[in-house]
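Chain IDs A, B, C, D, E and F follow the sequence of writing; residue 1 opens each chain.
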Amino acid sequence: MSGAPLLPFLSACLRRQLLLAFRRPLEIANPLLFFLLVVMLFPLGIGPDPRQLAEFAPGILWIVALLATLLAAESLFRVDFEDGTLEQLLLTPQPLYLSCLSYVLAHWLLTGLPLTLVAPLFAVMLQLPPPALPALMLSLLLGTAVLSLVGSIGAALTVGLKRGGLLISLLIIPFYVPVLIFGSGAVQFAALGNSAQPQLLVLGGMLSLAIALAPFAIAAGLRISVDAG
Amino acid sequence: MSGAPLLPFLSACLRRQLLLAFRRPLEIANPLLFFLLVVMLFPLGIGPDPRQLAEFAPGILWIVALLATLLAAESLFRVDFEDGTLEQLLLTPQPLYLSCLSYVLAHWLLTGLPLTLVAPLFAVMLQLPPPALPALMLSLLLGTAVLSLVGSIGAALTVGLKRGGLLISLLIIPFYVPVLIFGSGAVQFAALGNSAQPQLLVLGGMLSLAIALAPFAIAAGLRISVDAG
Amino acid sequence: MLCVEALVLERGGRLLLNDFSLRVSAGQLVLIEGDNGSGKTSLLRALAGLARYDHTGSIRRSAESLLYLGHKSGLKGLLTPRENLAWYCQSHSQSHGRDQRNADIEAALAAVDLVGFEDVLCHNLSAGQQRRVNLARLYLSPAPLWLLDEPFAAIDRTGVVGLVRTLVQQVERGGAVVMTSHQALQTDHPITRIRLGQA
Amino acid sequence: MLCVEALVLERGGRLLLNDFSLRVSAGQLVLIEGDNGSGKTSLLRALAGLARYDHTGSIRRSAESLLYLGHKSGLKGLLTPRENLAWYCQSHSQSHGRDQRNADIEAALAAVDLVGFEDVLCHNLSAGQQRRVNLARLYLSPAPLWLLDEPFAAIDRTGVVGLVRTLVQQVERGGAVVMTSHQALQTDHPITRIRLGQA
Amino acid sequence: MQFDSLAAALAMNGHGGYVWSVYLIAALVVVFLLLGPVLRSRRIMLERLGQLRREQAAQNKEVPLASGS
Amino acid sequence: MWSFFHKLGSPPWLYAISGKILQWLLPVTLLLLAVGAVWGLLYAPADFRQGNSYRIIFVHVPASVVALAGYYVMATAGAISLIWKMKMADVAMRSCAPIGAALTFLALLSGAVWGKPTWGTWWIWDARVTSMLVLFFLYVGVISLYEAFDNEVAAARACAVLSLVGTVNIPIIYKSVDWWYSLHQPASIKFTEESSMHSDMLAPLLLMIVAFYCLFICSLLLYMRGEILRREGTTHWVRKLLLDAGDAHAV
């Protein structure tokens, strides 16, 4: 048995993940709402001075996007671990690389992409200068994908832990640092009227590296977690 | 049967919650690490200028404390719902008010209190002027207790939902807004050399109100969730 | 001890019980039978007072307290069997002092054959062992009315024999048991059988 | 089909199997018996290749694929039985086209007596019905080797009879079944019994 | 020697508090790094030794019984 | 070469050889530390700009340097254990983490204390400081992940995966933090230029760096010995070793 052709399997995986997500529509809206609510907290906590807000908008937007992705990643495999889906997944004759990729892809389609799409709205609320919007969106588009990939590694490693708690934030935030730096750097550059191309290129580089390597780490993590479970 | 005397029951409840927490020591360290990690993200996202950081320190510290509490609240009843502990709790002859109070108390002892205790460290890292430290600690002490009580209501209402996801942040953050305003307000006032007493009094008032009422709301929420589970 | 009248139970758009009546008195062992999905669990949850929104009709319990054992274990995986049972005793208002309680718990754990596992975290026990910890509550409960949903699930054969004996003892000393099971119940004690699934 | 040699299995500091050997060939129905906590689940997980860090020794499977059914269901509560099974087929490389697949799934659901529940979300099914959805995989799997951990749990009596028939058919057509159960297995087919718990 | 007296060495022109506290903490860390693993090994050894002794005692008891029968 | 590699993987050999090494390395380390500390504290000349507070350098810099190097040792051990399934490599990885974390902690703390007299503040978000903080989290992450697993082998594999991911990421993290800081650098704060250091100061500093490397090795070996004993507790050689040691004590 040679296994089904790979592309149909990837698409079946992805469709299933999306179907599951659409069965809990709130789950989809959630990163967005979280984004909105937390962004709203900043003027309340810091003070509504528009100049200040404008100066910090890139950082705030990026930090909140990072947190939203992190929190969504945390539960990426949890239900599937508990109900035994992962066990069964490990026993299929399909390459685990693809299944892992589909999990991440679905995660990104449901968090990173919508965040990217609504970010301009929040940027306007925080008085970010309009010329910075393309850089904001592009950096989020690339950056959130890296965040999803890296976050999933942490999720895979910690999913089986009975004593782990939210360990994932400790494991993963250090790896998020470069993405945050280049992501918010891109927006800051653009807001000052410079070209954000170098930063975006770096983000692109990180993304290619992550796509090539992360699924292997995720697969290894899942195997270990199921084994220890 | 008149039920056991109430105080021993409350203390048994509390001891059990704490014992459970100490079985996963990471879970305890987690709000602290989360706090530290997210505080670290701000200079990275915004820039390391000490003057800017000092200005935003009250807001940043309060927002991050709020998020840490919120995220810890989210999972307060989840495991207990899934393993049937809540079912059994509803069937005990003990007043549910007390059990709910003990859940919240344990939650606060494990998140709010440690956050309050380590906050000065982070405040120093963010260059908050030292005279504001007492106000920071007092406001966090009172404020995180309110956050725990209110957050638990949200957790109780959403714990049984199979399609709810992180709905809790949507339900609860609006109620957190006043706490955030008075809490960070207190620190800002103190940082400018004024007395933070009015804000602290308001926080104290909120706390008494929440202690009196929230456990009833939590109990009702738990009943509804178990019923629908 | 338990009196159910005109119960109408509907779940997921399906009518499971229609005008169902049941009267359980002290000394009775009631076995609720029925195919998968016939409504046994739903009925027991309604009897226990855990589910109140999916039925109409009256359910009256004269017993002050009851013991319910459902599909979910109610055990904490991060506590040991001993700690789990101690909590059970504490939350069910047994105020006879710590030593008495500990002795009771030892006895209960011995009764379900878990000697040697008292201090292993529950999530490191096998499925059947976890179930046994849960069943140990039977030996600690003063409740006159027991509602047991498939108590034999995951229990090995010798375990089932011991369990049946315990159930019979409970009804013989004036309690009542309402239970479901897919396995045959082998005992000489008279059993009231109720078959669901003809609604 | 399966060859186990010198297996030493240790869990939670307890030696469960010591120098255990087993050889399963086509047409064999192996029933692993043992008390609660004797290591049946641990053994099956090791055989399936899901647990590799708690044993030493060699486990060789000549079958390309196997079907494992454990204590956890592997079903998604938010999908319907039909959708759950469709995913199972897709992930197990059955490339006979969508219509064929749907027909197979209908047949499997009918075989486990779930007609009328095909489109109910799984978390709205009863415990036994969920188990049945899980067992429907037996009718869809081309795997020659089945590893079943307490397949009868939560299944009603008529269900068990049907299930035993299915198991016998599987071994008669050249497959092999390794299973555990606390209930008696009533069939005329010869059964290889292995008793654990004497390590 | 850069300092005339012990007091001067302790004060270090007002920076003594900083310098000496750092050296003190460093000393504690060194102790932790060297003594920590040693104590840990010792505990492990003692536990295991006790276990071995018990096993031996059990064996010694069994052997005469076996030879006597 | 291969036979050496092979031997490295053998617990009894490693246990024996580490015992021999420690016999002379431990005294040497303590001596170096003592000499370095006294030299740095009392005999090195005062810095003309910072005065005596600069004496913290003799703790701060060695701790920082060795803490950084420790991560690479740990990650390499993790990679070896994952690729060649060498048990002793994951013993080494496991043992590196607490040492690295302790040294990082010392570096952060000594830096913070140094900051007060020189920068006038305990903390500054400088590139090196920030990356040191990140390093601290990486160490704590490995320790926590290890502790969170019940199963030893699974724990070791998980940590190996994590530190392998880390090896790819660490350079990226460092570069990016550097870039971030040079972008924002506020002009008011600068490190003292290390190149202009007087040789009277450099000598004790180099001595302390060597001492801290030795300390790292000693501690690592000590941790590994304990870990070996724990894991190999049921094997014949440990049994013999323990009984011999026990008899020696009893006599």
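Methods note: a contact is a pair of C-beta atoms (placed from the backbone, for glycine too) under 8 Å apart; a residue touches a chain by one contact, two chains touch by 3 or more.
Everything numeric here is computed off the predicted structure, so don't read it as measured data.
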Reaching chain C from chain A through chains that touch each other, fewest steps: 1
Contact-graph separation of chain E and chain F, given in steps at minimum: 1
Both-way neighbours, i.e. chains that touch chain E and touch chain C: none
Residue-number overlap at the chain C/chain D interface, same or different (half cut): same
Geometric centre distance via CA averages, chain D-chain B, whole Å: 45
Between chain D and chain E, centroid-to-centroid distance (C-alpha), Å: 52
Intercentroid distance (Cα basis), chain F paired with chain C, Å: 56
Multi-partner residues of chain E (at least 2 other chains): none
Numbers and ranges of chain A residues touching at least 2 other chains: 23-24, 162-164, 167, 170, 173-174, 177, 181, 227-228
Touching two or more other chains - residues of chain F: 134, 137, 140, 144, 147-148, 150-151, 154, 157, 177, 180
Each pair of chains that touches, named by its two labels: A-B, A-C, A-D, A-F, B-C, B-D, B-F, C-D, D-F, E-F
Touch list for chain C against partner chain D, complex: 11-12, 34-37, 40-41, 71, 113, 117, 120, 124-129, 131-132, 150, 153-160, 182-183
Residue ranges of chain E touching chain F (in the complex, touch as defined): 1-3, 9, 12-13, 15-16, 18-19, 21-23, 25-26, 29-30, 32-34, 36-38, 40-41, 44-45, 48-49, 52-53
List of chain B residues in touch with chain D within their complex: 162-163
Contact set on chain F toward chain B in their complex: 121-126, 130, 133-134, 137, 140, 144, 147-148, 177, 180-181, 184, 186
Chain D-touching residues of chain F, taken from the complex the two chains share: 151-154, 157
